[in-house]
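There are two complexes below, and they share chain A, which is joined by chain B in the first and by chain C in the second.
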Partner chain A sequence: MSAVKKNYVVETIRKAQMKELFMKSRRLDGRALDEFREIKIKTGLIEKANGSALVSLGNTQVMAGVKVSTGAPFPDTPNKGMLVVNAEVLPLASAYAEAGPPDENAIELARVVDRGVRESEMVELEKLCIVEGKLVYTIFVDVNILNVDGNLFDATSFAVVSALRTSKIPEYKAEDDKPKLTGEIIPLPVRKTPVSVTLARIDDILIVDPNAEEEAVMDARLTFTTDDDGNICAGQKGEPGTLTPLQVMQASDIAISKGKEIRKIIMEATG
Partner chain B sequence: MMPKVVRKFVIPGDVIAVGDYRSGSYIERRDNQYIALRVGLAEIGRDEVKLNPLSGPYIPHVDDQVIGKIIDITAFGWQVDINSPFFGYLPASFVFGKEFSPSTHDLSSKFKIGDLIAAKVEAFDRTRDPQLSIRGPGLGKIPKGEIVKMSPTKIPRLIGRKGYMIKMIATQTGCELKVGQNGIVVLTGTPEGIVKAANAIRMIEQEAHVADLAKKIQSYLSGGAS
Partner chain C sequence: MEKRKLIDENGIRLDGRKWNELRPIRMEVGTLKNADGSAYIEFGKNKIVAAVYGPKEVHPKHEVLPDRALLRCRYHMAPFSVDERKNPAPSRREIEISKVIREALEPAIIMEDYPRTAIEVYVEVLQSDGGSRVAGITASSLALADAGINMRDLVVGCSSGIIDGQVVLDLNDIEDKEGSGDMPVAFMPNLNLITLLQVDGIYTKEQFKQAFELALEGGRKIYRMQREALISKFFGNTQPASAEEDEE
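Right after this comes the complex of A and B.
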């Protein structure tokens, strides 16, 4: 009988130290409660993709790639291009990751990031229609998690947004409702830069950008995605713990102000 | 007095020695050649060859003291993460005694998930998970302290010859150090002492192969550069 590691157990001693430090508004890794880890963004690393980005958030590392092609639109949006985000955690990324199809956490991750990009209307999907109802551009964003150290939501969101912002796509035109390359390369039409900010509640304290250790201890998790005008365009709450209305308001304020700072970093890295 | 020991760095495939010796772990014998299986420091004695790898996971050995954390409670014992590819198993009868019965004893009253324990490897033969025991001086639950992790292969350097290094760190920083052979060290003492001891441990880990390491650590601890 050999045990399988199910999830990360934080030592009781370490948990107590973590909570003690929160009372002094500090964290085990020396950060302030509302401080992100260092964000590093590199774009255009995958030559064969239409766009790509490698993002590291502390020890968390995420690679996103964009592939653009043509296909039939979804029946309910005949005049819009198709956008699909998919995420997978590689088996070597963490001691707790398993090989095989994405598990429910990876699916939640992809959906939350997808929602942020979609609901902020970052990509001008209506410009990606070639023949209404028949032929549109299809954008597939595939995300691979290379290393797990907490807060995959934000790292993945930054990677997807950076990859989309730097994507160059081949131009198509319709010929008898069939796609034909014009030979031109155009930038993917984007108008906004959504930024996701994830907070964790541990006891009565809200912290941003939880690392793996803090995620293992957190009671509740809340993700907000904001756009350039400071509008909240997507949200997701996770874990069984509850949040008071006041905490949700605080979290949204933090998400908006942190979102502004991070948007600058993404803008700088993606030109 | 002591027989002359030859030390050399080896990489996998290197012939450490030719002849007839007793050989330790990470060494394969082919005809009368002894071949290294890891990157490390080989020691060739009068009748024995040994290889201390520079890195690698912790492989349990009987009688090792390890520090582990409880990750699961089963009906008859605790599952313990000992920082190794193998999970430790602490049977409840080793804690409650022979009269242990799952219906009358509550395992979580003794150790909860997340608790840190010092334990001894009681039995291990690679076919089953290593069995742990907490009978012995200094073993059992660790109530407080700062956890420092280092490479398990470098623990012998931290302890030093006859415990010289570890005693030096303890006396100079006023800290108490509990060392597990599996690469986990728990420090208790003043905050300044803990920082100093943790830095010394980092130094030992990075410079484990350097000669005169004890002197270097001594000069760091006695106040030099910090």
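Right after this comes the complex of A and C.
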């Protein structure tokens, strides 16, 4: 991410060390090539949000908050609730992050995470319609990146999914097409748990969950989001490097199998 | 909303194509006078012009890279290119696409040949019809070649996707909006290296593999037209590189 400073001399040396360890299927921080850092998920920390989750992935730390209200639907989906994911790398997250509107990296991050949630049909948006074409629930998921240490894609996705899974929303009914609170609090209707798995290619080795040091030397990045049935529902290649067709297929297999493991962790943490 | 069928009982799509057929494609190299390199592509109803300026001086100067060129890319849709007028200000979608196009083109350019310079690629979508980013990539790489920039290979873009539960090649606008999956791919056909991959929609493992390979196969057909377009500009071939799908 832009919040990572590139220092070519140090990176060249670190990359040589990494490559040596890859021969023994190890990484600088002692992990195996397909090993994630420890994932910690805490939900419901923000009382004023409809749902929230603090996720740490090693030293990467992100907070997602869900706010629900009502509004007009998108014109092309008049019978569905609205879901918007936004992400911001805060200036406190890294010495190299700057305040200001989201840059292309943060926009890509939010859009890829959004795609995984949307395409997996995690949230039952069709249940979030109040008056077709006029009034629907609007769900905003905002993500604050608190500490940058690589793989913001997966950390953000875990946080968004965990926050949505634990969200409780006020029930509305329509009165003359205007929203009116019924006073009931209902759980946000969700049916799937999409899991994002990001891999980095360093030379010809694929590793999962790259940390900042590994991201600084990676040639290409590939993210796949998979759903509960092992289907692929979103994908994005990033960074100006290439992948062979074989690497793409290998990465998709790893994403499906790793996704299963991580889904258990997310489901456990979110009940 | 009632979903209409996108493939009929004979396996024919709404625009008359079979599942593995591309839309009609036409490319022309060197269409803009001022640009150092340019190309125009018609891809179905997509009408896209790409221009390259550079290598040129980097502004602002602090962005300069001492050992290589700086590649900049802007994908932009004209307000009149879509059904509902699009706000001309860059949307989040356009910012993301600009980024992935840049990352799709950069591996093909020998950046080390142009230290301390900027290479700028502009992709303007005059009319959009689904698959504009991949058509834009195909045109951009022609424009880069037209500008005489040293390259390892051309980059060709092609998409596949899922409509009515079936994997098909090259989604048009309606299929993109009403279908259940879209997978733009860009790659360097001679080196067989992937430079862009985006996946959208629900794919089983088998469908993913099938769609990915189908996009590569379609891309190789487009690559032949790309070559023809370049040859016809530089070697005075009077035959414009038009390519109604060569069907097997």
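Criterion: the second predicted complex is superposed on the first by the 260 of 271 C-alpha atoms of A that agree within 3 Å, B and C clash if a C-alpha of one lies under 4 Å from a C-alpha of the other, contacts with A are read in each partner's own complex, and residues count from 1 in each chain.
One rule holds for everything that comes next: a residue touches a chain if its C-beta (ideal position, glycine included) is under 8 Å from a C-beta of that chain, and two chains touch if they have at least 3 such contacts.
The structure displayed is predicted, hence computed values, not measured ones.
Trainee: According to the contact criterion defined above, which of chain B and chain C contacts more residues of chain A?
Mentor: Of chain B and chain C, the partner in contact with more residues of chain A is C.
Trainee: Have a look at where A:244 lands relative to chain B and chain C in the superposition and call it first, second, both or neither.
Mentor: Second partner only, chain C.
Trainee: So in the superposed three-chain picture, is A:138 touching just chain B, just chain C, both, or none of them (first/second/both/neither)?
Mentor: neither
Trainee: Looking at the overlay, does A:9 come into contact with chain B only (first), chain C only (second), both, or neither?
Mentor: A:9: touches chain B, not chain C.
Trainee: So, does A:119 touch the first partner chain B, the second partner chain C, both, or neither?
Mentor: The answer is second: A:119 touches chain C but not chain B.
Trainee: Scan A:233 for contacts with chain B and chain C and give back first, second, both or neither.
Mentor: second
Trainee: Enumerate the residues of chain A that count as touching chain B in its complex and touching chain C in the other.
Mentor: none
Trainee: Tell me, which parts of chain C touch chain A in their complex?
Mentor: Chain C residues touching chain A: 1, 71, 84, 92-93, 95-96, 98-100, 102-103, 106-107, 177, 181, 183, 188, 191-205, 208-209, 212-213, 216.
Trainee: Under the definition above, what is the set of chain B residues touching chain A in their complex?
Mentor: 69-72, 79, 81, 87, 112-116, 129, 142-147
Trainee: Once bound in the complex, which stretches of chain A touch chain B?
Mentor: 1-3, 5, 9-15, 17
Trainee: Report the residues of chain A in contact with chain C in the complex, numbered from low to high.
Mentor: The touching residues are 75-76, 78-79, 104-105, 107-108, 110-111, 115, 119-121, 222, 224, 227, 230-245, 247-249, 252-253, 256.
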